[in-house]
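What follows is a pair of complexes built around chain A, which joins chain B in one and chain C in the other.
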Partner chain A sequence: MSLAMYYFLTISAIYILMSWALYLPYRVAHLHFLTVANMLISGYLAGYLVQSLGFAFALALVAGFVAGGLVGYIVSLFIGDAPTFTVVIVGFTFIYISRTAVENIKAVGATMGMFGLPMVAGTPNMHRLTILILVYALIVVVGFLIYRFEHSRVGRAASVVFVDKDLATSMGVDIKKLGRLVQTFSSLIAGGCGVIYGFIYRSYHLDFFTFHLVGIFMTVIFVGGYTTMWGSLLAAPALYGLSLILPPAVASWRIVIYGAILIAVLVLKPEGFITRRLAYTLETTLSRWRKR
Partner chain B sequence: MNKKVVVFFLVLLVSVSLVLVGCKKEKAAKVVVEEWEVPFLNSLTGAIASIGEYLQWGAERAAYEINQAGGIAGKPVKVIGVDTALEPQKGVVEMGKIVEWALVALGPVPEPVIMAAAPIAVENEMMTMTATTSLEYAEKFFPWSISWFPKTADRLPPLSRAWAEMHPDMKSVVQFVGIYGPWPGMAASHVVGIEEVGVKYLGDVEVPQDAVTFGPLVVKALDQKPDGVIISCWPDKAAKIVQELKSRGWTDMEKVLLFSSADDAALYTTGGADLNGTIIYNYINVDQDTPRWNAFKEAYQKDHNGLQPPSLSTNYYDAVYMIKRAIEETGVTGDPKKLAEERKLVAEAMLNMKNFEGLLFKWDMSNGVPTNKPGYLFQIQDGRKKLVKEIRP
Partner chain C sequence: MQVFIAQVINGLSLGSIYVLLATGFNLLLLVAMIIHFAYPQVVVFSMYIAWVVLRYTGNSIVLAVLAAILSSVLLNVISAPLFQKIMKNREEVDINTTMVMSLGIGMIITDILSHGFNKGLPIAFPPKLVGETPILRVGLISLMGGQVASLAVGVIAVSGIFLLLYKTRPGRAFRAIAEDPNGARLVGIPLLRTGLESYALSGILGGLIAVLLAMLLGYSSPGLGEQVAHKVLAVSIIAGLGNLAGGLVVGLALGIMEALVQGYISGSWSNAIAFVVMLLVILFRPRGLFGIKL
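For the complex of A and B:
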């Protein structure tokens, strides 16, 4: 596999996972931008553990997941049932706070960043293979968990919360508990993604974790479809790939192109390309075909 | 002397000459490429597209001149702009493609893309010339990168010291510091220079990347009653800080020092006449009068509505000439089968290149670091820089 293909596949996978990390809280109408801060915090933590304290990558990855989940859980205690706007503000604030904290911590390179992270396996090829397997295994596991969530009572409860919180409360749904669950899980995923993201580049720089990422993940969710998990799976590689294949003459217009796509989708297909109805049709067709 | 001996020596001389000429011809004939293609991993779109444009312009200008003069080892050279749009995600994919074929690459630009993409060049043992960043970034990728600047702690103190020495009555200084990449380190080096001549440093005033109003920052700085001010942040923000200083009664403009990274078009377009009298340091002297520089300056101004070439516009111009010299000195052929071997030859030639004829001055490389590049202090007047002092290491 060429290097370009490797980077395309791994970064697409990170985009898918991170879009899911945003998608999941959005099921209860939360735009949980804290996930980008989770990436940053867990990424730098893992980098420090591996580079300065000599931890094995696997341990650092676990630490990254735990840190992500822990930060997500603590924050969710306060914003588990908060309105959408509050969750957005908290997310943005955390991105600022975590960036400022890293800027001032010399042990993790401050504004310079962290260089020369070690390979996770013995040779460059093994390193890439390990990262590739890891990130796609994570997609399978996280995808399975989200799929199960969506087909569970909790998932259906989340759908009601999305439509009307009061209605959900009157039906006995514990909104705060549900909010905490999805926020914590999404932060946990984001923590792991932050670790892998840095080890793909084998370095960390604050500008790897900017508000630009929020824009990318939001576009993926809204173009792909925010009512099912499948939209992100298709839109993440498609939108990332588009930025890579645009000819130079058109490339400078890519933000306009993304914007136009987003507007067109919001106007013509407000639920995105993959709607719940489409996903349901595909699922039942597939099910019938398998029975035959 | 015996006639036979004379004839023998003449024949020997002619034979040796023929062999030498033959060798030279054979060396030139070895080049297998029809054209030397040099990829330039640049930010041609996005937030720093204006900088990327003139970096690209400089590299292409060098290629144009080289081609006019017969090319590299007799073959034309082409600089291929590869846009990363300031995104590491795009930078790694593009670098992944480049390392499959390129002998040497220009860029990446700027630091986040360097950090993501340069390790790929290192892993594939290909020289990637990061000519706009500080040594502290470039050295992490040695020997597959070279630095365009000496160590920050060596090159900046003499400049800030020279500025402080211009003002014996200046007893205390405050500094505005943009929190980005190598700038805090540069700011610390300014302090070393002024303290060497007994000036008291009052402290930093941090300039956030997203700052839009500068009144509170300037009030905080002036509250410490400084005699002088150093500004180490983004060009447009530096201009706004100067304007804010003036609006709050600051008159001694010579006691305002702007650092090199602020020396960009945005500084002059934003600051206008408010910058008059301020001092700025940099590494190219735009007032030099040499045919080569004059031709460069004229061509730049023609293509850029009369604007002066910015300080970084010469970096990739020189980088392309450095590639030319490395290829011609090592006799590499561009043969894809010898790619690994020839990459190494080119890199080794660059790491210790001596007497390199840059656009503005000659310099030596020592293990990837330039050893004798000068620095300059200028005074800004009506959007132009007037040389005040040259500082040689």
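For the complex of A and C:
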């Protein structure tokens, strides 16, 4: 497999996972940008554990997941039922704080970053294959869990919260508890993604975790469709692939292109390309076809 | 003591910029019902336009101010139909989607500034605008022209907006829409025109802020908008969204706190400390210190 294809497959997978990490809290109308800070915190933690303390990658990955989940849970205690704009500002604040902290901590390379992280398997090819298998296995597991969530009572409760919080409360939905659940799970996913993201490049740098990343994930989720989990599966490779097939002079403007696509979709197709109705039609058609 | 006084003066001038930005932001929130997260990016874009005009007109400050105001008004008014279309699509006021749209606009502006101006490098404003020598110097305390101007314009502009909102007919229309859009429509207030007026007004304010920020900082960079955007939204949330008086108090307090932290703590930790304080307030009082006025 060529290096370009490897990067396309792995980064697209990270985009899918991260947009799911945003999608899940958005089911209760929370734009949980804390996930990008979770990526940064868990990524640097794993990098430090592996490079400086000699931990095995698997252990560092687990630490990354735990750190992500823990930060997400603690923050969710305060903003589990906060308004969307408060959740947004808390997320952005965490990105700033964690970036500033990393900038000033020499043990994780400060502004220089961490380079030359060890391979997760013996040879470069094995390293790439392992990362690829790991990230797609994660997509299957996370996708399955989100699918089950969506088809459960809790998922339906989340849909009610999105439409009308007062109605959800009067129906007995514990909004705060639900908010905590989805926020913690999304931070957990983001923590793991942060670890893998760095090991794809075998380095960590603050430039990996900028506000552009927030913009990209947001574009993926809103262009793909924020009402179902399937939109991100299509939009992530399409949008990332777009920047690869464009001529370099145009591709350098990819954020402008993403922003323009995001605005166009919000105006012309407010629910994104894969709407809930479309997903339902596809699901029923598929089940009918299976019965035949 | 001199350091303290100097930093309080710095903080007041920086805080007055936050107050102006929060006022423009809250005006759009109250009247047009949008969270215009990209408003500070619009301001930074206007700073760049002012810089271009200064470069090509031999540092004509009058033309630069006019260009900054014009660009800010244009950007605001051009974005208005997009926000209106989103509201129409959803047949309701949907603040969250307007925020996403605004983040998209912010992404575009920041990237255009990164690629289209000065090869993405920070820009420096000429000493003619920034001021070469302090107006007043007593020991460590020095007062620059930009600081005096930002404080003076800040006081005048915020007083002007308060007067407009509470003592004039258009102001009453603005407040009526903020209070009850349907009721306002029933009594004959044109929602669309009044909304557009609020975009234009915050645009004028944005242009002025751009010039003041240029005078105060002496430079600009593509990432400045994002940083300021975050602080302005934080000021508005800490004060209570839509609360103009609260924004005044919190904006000044944040400016002073930031300046004091910068004065006494070295390194880039100062920014983080300001953010931590902001975070604590947001976490413990998510609806703001002075209450939401929406």
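The rule is simple: the second predicted complex is superposed on the first by the 283 of 292 C-alpha atoms of A that agree within 3 Å, B and C clash if a C-alpha of one lies under 4 Å from a C-alpha of the other, contacts with A are read in each partner's own complex, and residues count from 1 in each chain.
Convention: a contact is a pair of C-beta atoms (placed from the backbone, for glycine too) under 8 Å apart; a residue touches a chain by one contact, two chains touch by 3 or more.
Predicted model only: the values in this text are computed from it and were never measured.
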Partner chain in contact with A:A82 - chain B first, chain C second, else both or neither: second
A:E103 touches, of chain B and chain C: first, second, both or neither? both
Touching partner for A:G113 - first (chain B), second (chain C), both, neither: first
Touching partner for A:F208 - first (chain B), second (chain C), both, neither: first
First, second, both or neither for A:S252, with chain B first and chain C second: both
First, second, both or neither for A:S243, with chain B first and chain C second: first
First (chain B), second (chain C), both or neither touched by A:Y7: first
Chain B or chain C, by number of chain A residues touched: C
Set intersection of chain A contacts, chain C complex versus chain B complex: 103, 212, 252
In the complex with chain A, residue positions of chain B that touch it: 44-45, 49, 81, 83, 85, 87-90, 92-97, 99-100, 111-112, 115-116, 119-120, 123-124, 136-137, 140, 179-185
Interface residues, chain A side, partner chain B - complex: 2-8, 11, 103, 110-113, 115-116, 124, 200-205, 207-208, 212, 240, 243-244, 248, 251-252, 254
Complex contact set, residues of chain A against chain C: 29, 31, 75, 78-79, 82-86, 88-90, 92-94, 96-97, 100-101, 103-104, 211-212, 214-215, 218-219, 222, 252-253, 255-256, 258-260, 262-263, 266-267, 270
Residue numbers on chain C that touch chain A, as the complex places them: 35, 82, 85-86, 89-90, 95-97, 99-101, 103-108, 110-112, 115, 226-227, 230, 233-234, 237, 241, 267-269, 271-272, 275-276, 278-279, 282-284, 286-287
